[in-house]
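What follows is a pair of complexes built around subunit A, which joins subunit B in one and subunit C in the other.
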Partner chain A sequence: MTKVWAVYWREVQAYFLSPVAYVFMAVFLLLTGWFFAARLFATQYIEMQVVFANMTFMFVFIAPLLTMRLLAEERRMGTDEFLLTAPLTVGQIVVGKFLAAVTVYLAFLAVTGVYPWLLYRYGFPDWVTIGTGYLGVILVGAAYLAVGVLASSLTNSQMVAGLLGFGVLLLSLVVDRAAVVSTGLLAKVLQAISISARANGLYMGVLNVADLFYLISFTGGLLFLTVRVMERRRWL
Partner chain B sequence: MLEVTAVTKLYGRATGVRDVSFGVAPGEIVGLLGPNGAGKTTIMRVVTGFLTATAGTVKVAGFDVVDQPLQARRHLGYLPEQPPVYPDMTVASYLDFVAQVREVPARERRARIGSAIEQLDLSSVSGRLIGNLSKGYRQRVGLAQALVHDPPLLVLDEPSSSLDPGQTVEMRNIVRRLGETRAVLLSSHILAEVERICARVVILKQGRVVAADRMDRLTRLLAVGTKLRIQVRGKRRDVDSVLAKVPKLESWELEDAGEDVVVGHLHPSSGADIRETLFFRLAEAGYPLLEVRPEVPGLESVFMELTGGAMPAHKPGKSASRSGVEVRGR
Partner chain C sequence: MAEDTKRNGRDGGAAARRRVRRGITEAGLTFLVLACLILTNVAAARVAPVIDLTRDKLYTLSSQTEQLLSGLESDVQVLVFAGQDAFYRQDLGGLLAEYRRTSPRISYEFVDPSLEPALAQAHGVTQTDIMVIITGERKRQVPVLLLFAPGDHPDGIKFSGEQALNLAILELTREHVRPVLFLVGHGEPDPFEEFPALIEALRRELYRVDSLNLARKPIPEDTALIIMVGPHQDPSPAEIEALDGWLRSGGRLMILLDPAPPGTFPQLVQFLARWGVEVHDDVVVDPERALFMDPMTPVARLDWHPLTEALIARDLLVAMPRSRSMAAGSAPDGHEVQTVFGTSEAAWGERDLTGAEPKNDPQDVQPPFSMALAVVAKQQDGESVEPRLLAVGSSGFIHPSVAEFQGNTDFFLNALNWLAGEEQQMTVRPKQRIYQRVFLTPQDARFVFNTTVIALPLGSFALGILAWLRRRNK
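So, the complex of A and B:
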């Protein structure tokens, strides 16, 4: 446990010591804030559901930037030769790093807490919806981060990892859209695999066990794949 | 402490190493010697578990590196070719991170890090970012990383490559000191390096072991049958006639080197040690032998022969030690 903590904490520090995290955070907050404000001022009414969907949409662009460094850079610098020869399982390394990225994401979200606070100050927000909504935003964000972590394990170039992660997430957005516009069996299939479709219920205050299970196992599955990719490399 | 048995590592079709076996005992420094591409790094990566062997077994402190990887890795410290340091961390915070990952108990952590910093003389830079340190210091931080948990086996991949001569001597002394109590496996493509600190050598060529023996035996092997350089007091013609009567001496060249001193380059027939005969014949004839030594220093010639006529390249500016001979593959 100390070992996972050590990996996690080193990574969290690396995030907050570099200016990059703050830039991403600023961009994220600016964009989500703009959506929030624009809607609120235009209609004097806000559906948090839309705000949540916007947050995860923004995060498609930011998640790969947060994760691209995680494993690719270790390989480029040769520090993976330390991590992979230390008394540490690959799973511990991957989990430590993933949790560090999630922590940064949670820090972003913590600042967005001003939106519901504003609603509380000046209106009557639905706290249940806000709660499940944030749960949805966290789970979808974690899934996006897991995509980025897997991409980062596949290459020793941050850039390639970033582009790869971004490409996959864009594809998932296409699936999300297609799930909305298509009909029949195709729609059913697309909805089943679409990430945002799974989260829509949560954004509207509906807690569905199947959705939770899907989102969590999606993330878990990607992390497991990451571990396999790295284990595999020992055999080359 | 380390047992490597019949290890083969293939990279796809390419061979990393083939059928390599050797061992390292506690208190022993063993050198892996070979030109670039001989497979030194490959062996070290297999030993440390970074790569898995295609065939064969490696045991560290009795634990198989594949079947009991964590147990095996607990007993080793590894300095890869590139020191595995994070440029954005300070020396102290990096070593603290390493100590945690290496399972140094929280109570002992400070003391262990302090001792590693002291052993490698890093106290003056412990608060600096590693990215701002010189190559030599970075290498030392890498070595501190390898020993912060006080492992019984140290695996060091070319620890003094890319260091300047002064740093190389320092590094050599550090490694020698570490080897007093530990098992050390060290690789180098520089002969002088290995010759000076290793009790035993494993010489690799294209992934295979071509010689493995105690250093003194390898060097004795060389004294036999190699060219000799002699210095004799006497006239050239007289010395020439004495040499003509020495058995097993195939050919020689003589040159005058000042008043009444002759320098000779002798080629004995292979496998023959003519030094004693030479001494007595010259003494009997009244020409004192002032000096006799192998024409090519020690291990080098054997190494050359074993690794297949690799060209020695004296590179004045870049060579890691003054007398160091860099040996590269063809």
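So, the complex of A and C:
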């Protein structure tokens, strides 16, 4: 655990000592803030269902930027050799780096805690629904970050890792959309694999344990693949 | 030299074989783990529970729907002919998925008629936004837009899909529709004008609502029940005789009799007394169970009765504005009088109806007394037999301003179903899904905008500049 913590802490410091994470956060907050205010003014509904969906949509663009450096940069600089020969397992390296990215994402979300506070200031929001909504946003964001981490393990170029991660996430948006507009068996299959369709219930306050399991296992599966990719480099 | 080359070649070959073996092991392991994940997800999708955590249980089907679905004896297929961008896909899809989860007899599918014109044609659908509900050879088309009604806010809508779906399924699976007749001719309010929501609710319960003037025509044979709501004049002896005969022949009758000065309804009071219901000329005052501090609108103390069972189970209250009190008298042979709901011990029946401040005087009616009494035939051989009479001391509880209160509408509809012998329909009904709203003044809106769109992003950006400056100065 201390080894994971060492990797995690190094990455968290790298994130927060650089201005880049703050700029991403500013952009994220500007857009989510705009969506929140516009939705509230237009409908006057005390709910955040649509805002949650917007948050995860915007994170499609930010997640690859946050993760593209994580493993690709180590490989480009040659520091991955030190990491791979250090008394650490590849799993510990991947989990430490992934958790650091998730921490940055949680920091983004923590600031958006102002939105429910504003709803509370003027009305009576359903706190449990807001709680499950945030759980959905966290799980979807973690899945997107796992996609970015896997992309970063496949190349030594940050740019390529970023574009690859973004491409895959864009594809997931296409799947989300196709799941809505298709019919029959295809619709059922697409709905089953669509990340956003799986999170919709949580945004609405409905906890489907199967959706929860899917989102967690999707992230776990991608991290597992990342470990396999890194391991392959170790013995190849 | 040749020896070295040979050895190197042997080593290289062994390393290559090791790599291949390792590669196969890695691929196998990866395949195995991913296959396990997929299989456990497929299994989870079949068995994992779904929990509605919303405050008002917005996504939980009502007891009525659960009863309806559990009683389905044939498969019901729902085809929603919708465009690809239909705004209701999420709401309606979620609802249908819940129906499907509750009953394996339900299946549903969204169909784009432009992609599957043959299927649309086969069901006589010529446009989008049509829901076709099919069971056996019978089918029914419901325009999807009927599931939505304007909300209180110009941009707001209410979604009442559960009610509409239930009605369509009931209409397809129920064999016949029976009339419920509202008596007129004694100053009763016109139900179609005064209680439009209730009339709509009755239609959803599959009753045909009509009015009946007993002075003009007799009671039709297939009548499910007769309701007298808040008369202002006493019925004639002939009308009372018709009602009495109807009851004695196994009819069902509901009388909602508001407080009135003594002597206003001599015939009606006598008729009720003959059936074991003693009505008092008073208005109930209950300081202990006053609704919104109005002691003349008591919240009824529900007694256990088939009529109140569903309400007690859901902890729903019934408010009774301006009710007269009544007491059980002697019922005709073979019949019994049952208390449906009453008041607290602190209540009294105020006999002074002049509008003066109510005060518990010696001449007032003292508890215990009821606000609703049911007269039924005593059970014989375990089976309940006709007739049934329900007397309620107020018609105000179904007035549109109070009907929405907790269990008021459900009590009225349950009472009606109980009288009509449709006990399986006595339940708590689905509510419309209404989003809570907030009222923002221009100052509030400015505060929200400044906080979310300006302050938070700017603060984050300022932190970024600080981090950059700190880095540069190092």
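By our rule, the second predicted complex is superposed on the first by the 234 of 236 C-alpha atoms of A that agree within 3 Å, B and C clash if a C-alpha of one lies under 4 Å from a C-alpha of the other, contacts with A are read in each partner's own complex, and residues count from 1 in each chain.
Operating definition for what follows: contacts are C-beta pairs under 8 Å (C-beta built on N, C-alpha and C of every residue); 3 or more make two chains touch, one makes a residue touch a chain.
A quick note: this is a predicted structure, and the numbers were derived from the prediction, not measured.
S.K.: After the superposition on A, what does A:Ser18 contact: first (subunit B), second (subunit C), both or neither?
M.R.: Both partners, subunit B and subunit C.
S.K.: Classify the contacts of A:Leu29 with the two partner chains as first (subunit B alone), second (subunit C alone), both, or neither.
M.R.: In the superposition, A:Leu29 touches subunit C alone.
S.K.: So in the superposed three-chain picture, is A:Gly78 touching just subunit B, just subunit C, both, or none of them (first/second/both/neither)?
M.R.: First partner only, subunit B.
S.K.: A:Trp5 in the overlay: touching subunit B, subunit C, both, or neither? Say first, second, both or neither.
M.R.: first
S.K.: If we overlay the two complexes on their shared chain A, which of subunit B and subunit C does A:Leu40 touch? Say first, second, both or neither.
M.R.: Second partner only.
S.K.: According to the stated criteria, A:Val189 is in contact with first (subunit B), second (subunit C), both, or neither; which is it?
M.R.: neither
S.K.: State whether subunit B or subunit C is in contact with more residues of subunit A in the superposed arrangement.
M.R.: After superposing on chain A, more of subunit A is contacted by C.
S.K.: Is A:Pro87 touching the first partner subunit B, the second partner subunit C, both, or neither of them?
M.R.: first
S.K.: With the two structures laid over each other on chain A, which partner does A:Leu163 touch: subunit B (first), subunit C (second), both, or neither?
M.R.: Touch status of A:Leu163: no partner.
S.K.: Counting contacts the way the document defines them, which residues of subunit A are shared by the two interfaces, the one with subunit B and the one with subunit C?
M.R.: 17-18, 235-236
S.K.: For subunit B, which residues are in contact with subunit A within the complex?
M.R.: Within the complex, subunit B contacts subunit A at residues 11-12, 45, 48-52, 70-71, 73-74, 76, 78, 80-89, 97-98, 100-103, 106, 145.
S.K.: In the complex, go through subunit C and note every residue touching subunit A.
M.R.: For subunit C paired with subunit A, touching residues are 19, 22, 26, 29-30, 33-34, 37, 40-41, 44-45, 48-56, 58-59, 84-85, 89-90, 94, 109-112, 115-116, 153, 155-156, 435-440, 444-445, 448-449, 451-453, 456-458, 460-461, 463-465, 467-468, 470-471.
S.K.: Within their complex, state which residues of subunit A touch subunit C.
M.R.: Residue positions touching the partner: 16-23, 25-27, 29-30, 32-34, 36-37, 40-47, 111, 114-115, 118-119, 122-126, 128-129, 132, 180-181, 183-184, 187, 192, 200-201, 204-210, 213-214, 217, 220-221, 224-225, 228, 231-232, 235-236.
S.K.: Of all residues in subunit A, which touch subunit B in the complex?
M.R.: 2-3, 5-7, 10, 14, 17-18, 77-89, 234-236
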